[in-house]
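In what comes next, chain A is part of two complexes: it sits with chain B in the first one and with chain C in the second one.
What follows is the complex of A and B.
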């Protein structure tokens, strides 16, 4: 049955393709470096899942736009109570899931109950733990009560992890995703591609594209060839070292935007000798940001001096807290009791920015007597050793969560930073809704961790997309994970 | 004869059991938590625990091993933990790419490699022999994925005759499917052809100094006739051995070429599954490969028994 259906759709797509070949194309083939293991964004952390389905197949109550602002999604409007604890959402009428079932307040309740359930396998469950209850007021009204005010609540319910799913289909979303978005899932040829098609009865504005194919190409040289040969129309985040091929080619456009990825030299603050402030300060003085950015990101990264995204309105520039100064670094090391330096390990996950940054940092650290042993690891092993078991000295990783400075308030987090003053500030920030006050608090928090040199702050990852010059409407920035096709269209 | 077959069969089963135990043990010792991999760095410990429970990772190793063996006995290879599909279906789908690709590469390498090897042997010591063997040496030394990239650059990027990669399912468009296998097939075949040419030449040269060739010449045949009637057949034995090895290598060893041409083949399936710690998929896929190779060997052994009575008696 499924085969026949996808066959019929495929041949319909083929007919459509031929009849439209004369006119303007309404199809796109997007190159993606990683194939998602499954397609349910509420049951996995892989970015590759959101790249395919976020805002395309699935939608949430709110939606994040390409500048990181919250827009209305399946909820047309909402009111927030005075104390910031009760949210009343009005839902859009006439919304259907791709299997034809209708969307209403019960689906919203089901979605959040599922996230918060005892046996939930949501990768971001912690973001929604402030939710106390979800009540269906009427089929088009939902009331969500929080146990504490949460300044990021509206943002968080717009993420891929909180897209609305239906009780009828949620079980099978991993292989057969059913959402309310402008594109419906058609077919997944494992190991090669996923095909989406425009969903006719979509409740909102129709997208310009009728069909989108995600093609999975992991090899960088192959992706370059596929772009050059026109076998794919673009890719959303391409290796910086390959960009020169496309920068001066009029057939392509290179979109350089921001991400939420603070790339840091994560330091095990709970372990000798990194529990000494002078040691961390010495390392901070030995970090040459520009050299690292040039080497690891071909100049596309943006220097950071704390754990905060430079494009965020709350950002303050702290890159000069500990300027690159090897003499000062040596002095601090001597003060800490390590005049001859020490040896440590640097465990590196399998991503290019980490391996290259690691080599540059190791050579600079050697100049002040810190001898680093570089250990390359697979993701699964890195997650277990470094992240779960905290068995590491140093590592390099990009923290891609938006507004995630709160991780420094968790003393059990893998880098082991325990500062009660910071923890108190974080609690105040979470409970504050006044913008000016929030900004002040956030800046104070940025300053504290910068001065404490908790981790080595390197750079904000850039998003570097390569697209056919005739394509328009792609997201330039990546405030959340996803390749949103809603506004993408061909221009002549 | 029955005893001989029974003994071979027992050996086959023991091999499988040992292989299964080794595979299971190695994968279990591999560092990395599959549940943590799926849920990433922001997951709460409760979510990870819930997923571990759902994936059955917390059962004792011996129980999981037993369940796996029992399942396979019933022909059930389990469900992929990350893709949530039956492993058997996943592997069957990949075989639709890997098997035709392997066969195509084998045929091309034979068609190119054997004649060139024979030609070189016929012109042994002459300039043609030297030129052919230098080319073959280069072919052996050059990695197949590099060949692949060169082929892509020429035929896909510059000439645009063929796609840079990817695979259209056979049922959708058989011609497009074949076009997708053309370049990767050539990339795999050329280095194999170079190896075959060298082996073929060496084997022929060895045979040409044998007594039976001299006898044939003495009967009045020219060297060419003697080699064609008696030499080539005898030289085929080492060539067949190499062909068998190449086939096994191609079935599982095409990961890099599959990556270069982004083909949904078996090698890439297993490599991804290892990265994602999809233990059920990795071990079942591996045991299926072991099964395929051991079964082939069992059949060959039994066939030897029929052909060669000495083996039969020694076995009994």
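What follows is the complex of A and C.
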């Protein structure tokens, strides 16, 4: 009797458990460390915006997949003219915005005109400046003309910054985002969470999830507890130092992927003594890359020798250009006229990778006589002092834009590198569409800045996600900013 | 006197522990087992061993060296804040006691105002204006200390100013500031010393708090609160990194409080266990 009773209890428990699992099986709660300041990805630079809305609420003409390849989005197909200047996009039929209005070529024109407008607040306006005109051919065809060929054009229009918005709703997208994506915005409880729900009339393949909640937890210890307690089902980028908590736990899976974040010791090339090549070479020789990667990223970072992502097909390995060699570094410093070294400041933004890398670099630089004073700053102050006013000697920062080697061709950029040869190469690269030729040019550019030791090249940031072991379909890599829920689903 | 000291074993213990930590901190000025900037990732997370008595932290730095240096930071911040607090607060309190009237009213309202603002808000304000750093923690805690000392000085002075010898001094023609300086201040000195001991522990706790939330000491300097902050994300994996500085803070604060209590008993039996130190934050 007792046996049957406990059996009955057990099966009742099992039933309860399965029904609970069933009830949970189409919903997800994603932990995010930062709350977005607004929800319009075309009007703000914050990564936190794209994390919530990119490809979930909003879609572009193209979309980027988790390996960084361009896929078709709202445009079903396109043709490119011989000279690489004219793009004809065929749009999907039957697409509606979440407020019920229909999507057509006019919305595309509106979107790009808005990005390029005089008073545009788009964070990446420069990426789209090659666009000369956007013409509505018919409601489902749009023609975009460029002033110069742009090898990255299809990638750039797939970014969160160029998602298609409607003239009826664009004004309010910051608080009430209305796009064409598989998920519609439901509510935003400031300081706590954003709720999205599956959009019934979505034009494409329906996602497995019916509801997604982004829970904002800025404190890592709280996030750890939320994950362990099951209050959130996962987070896309968890602090590497606490990953061992989850690594051997069968209830979780840890996804380690690549990002576009080249972390560098940015050097003010326009300032004494950093304008001397030998000084920069000496510093490059004094950077113990592996130690920094182990210390700041717990081994998850990937070493880089130039300003280029290792997973990119154009990448060449330049990590051995200036191997760690303190004697060589001292020699070079002496050649440059600083046999006893010098003092400099290292301004650090408030991110863990920077504060830790900074301490390790300061410790190694001290051994060749370069005395670094570490100055910790808030983001706003860092952006103003370092990025805008170029008032710095050295800093550590991750450049997270994809394919951004072109910043070295801008002599007014904050690290002040002015090399006409490099600038000419960059122009040629921008105007080249032939893959083999582009690769060759990109590799030559990587080599030049590595040899010039423009900045100290440290590592490519990794993305380390922690998810419930029963979840599948999350992006492992982060070629663009975003937590795309399209393919995420529960498996038993 | 000797018997009085003997009757307070807690006082002896508290003073001994406080001095031991203070000496440990001072020692770090001239010697630590390892230089605190000596980073070596290869030897990080070492467990306590003969080489590293308290193990090593997430950057491979020697924990004992860090705690010694952190203790110095804590004591320096706490003590400087007391100098600010007592330096401004005691004269204010004395002025309130001897002048009374509008002066007293002003001092009391100022105290109320300062108490109404938790010191953490003052610290955030200062950090926003001047950027985070140990100096700002000193200023914030110092400002918090001012009304504490003002009230103690005023209270003590009021009690004493009713005594006959103060009246005699006044009849002898001494000016009010002279009375305050010659007769009141020496007599409330013991009260102030007791309060200073307690405020030192409050200051050390507050400094740890500020550093923990990122407004106080900044790396590569170190403090006990900063060590806690660094260890926080690692707590589940390497709990020792949090426990060591946490214990150090707890022991210092308890020792100072016991010492302060005992000192009160000995120096001013009339006020025995009446006033308890206020807590910052």
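The rule we apply is simple: the second predicted complex is superposed on the first by the 468 of 492 C-alpha atoms of A that agree within 3 Å, B and C clash if a C-alpha of one lies under 4 Å from a C-alpha of the other, contacts with A are read in each partner's own complex, and residues count from 1 in each chain.
We adopt the following convention: a residue touches a chain if its C-beta (ideal position, glycine included) is under 8 Å from a C-beta of that chain, and two chains touch if they have at least 3 such contacts.
A quick note: this is a predicted structure, and the numbers were derived from the prediction, not measured.
Novice: Once the two structures are overlaid on chain A, check if chain B and chain C clash or fit side by side.
Specialist: Chain B/chain C on chain A - fit side by side.
Novice: Going by the contact rule stated at the top, is it chain B or chain C that touches a larger number of residues on chain A?
Specialist: In the superposed model, B touches more residues of chain A.
Novice: Have a look at where A:384 lands relative to chain B and chain C in the superposition and call it first, second, both or neither.
Specialist: first
Novice: For A:120, using the defined touch cut-off, is the partner it touches chain B, chain C, both, or neither? Pick first, second, both or neither.
Specialist: In the superposition, A:120 touches chain B alone.
Novice: For A:363, decide between first (touching chain B), second (touching chain C), both and neither.
Specialist: second
Novice: Based on the superposed arrangement, let me know which partner A:241 touches: chain B (first), chain C (second), both, or neither?
Specialist: second
Novice: A:189 in the overlay: touching chain B, chain C, both, or neither? Say first, second, both or neither.
Specialist: first
Novice: Which partner does A:221 contact after superposing on A: first (chain B), second (chain C), both, neither?
Specialist: So A:221 meets both chain B and chain C here.
Novice: So, A:476: does it touch chain B (first), chain C (second), both, or neither?
Specialist: Neither partner.
Novice: So, does A:345 touch the first partner chain B, the second partner chain C, both, or neither?
Specialist: neither
Novice: Could you tell me if A:376 is touching chain B, chain C, both of them or neither one (first, second, both, neither)?
Specialist: The answer is second: A:376 touches chain C but not chain B.
Novice: Would you give the minimum C-alpha distance from chain B to chain C, in Å, for the three-chain superposition?
Specialist: It is 5 Å, taken between the nearest C-alpha atoms.
Novice: Name the residues of chain A shared by its contacts with chain B and its contacts with chain C.
Specialist: Touching chain B in the first complex and chain C in the second, residues 221, 378, 381 of chain A appear in both lists.
Novice: Within their complex, state which residues of chain A touch chain C.
Specialist: Its residues touching chain C are 220-221, 224, 239, 241-242, 244-245, 291, 294-295, 350, 355-356, 358-360, 362-363, 366, 374, 376-378, 381.
Novice: Could you pull out which chain C residues touch chain A in their complex?
Specialist: 37-39, 41-42, 44, 58-59, 131-132, 214, 218-220, 232-237
Novice: In the complex, go through chain B and note every residue touching chain A.
Specialist: Contacts found on chain B: 30-34, 36-44, 46-47, 50-51, 53-54, 82-85, 90, 93-94, 97, 149, 152-153, 156-157, 160, 163-167, 169, 171-172, 259-265, 268-269, 272, 275-278.
Novice: Flag every residue of chain A that touches chain B in the complex, lowest number first.
Specialist: 7, 10, 35, 37-38, 43-46, 118-127, 174-175, 189-193, 215-219, 221-222, 225-226, 228-231, 378-381, 383-385, 387-388, 401
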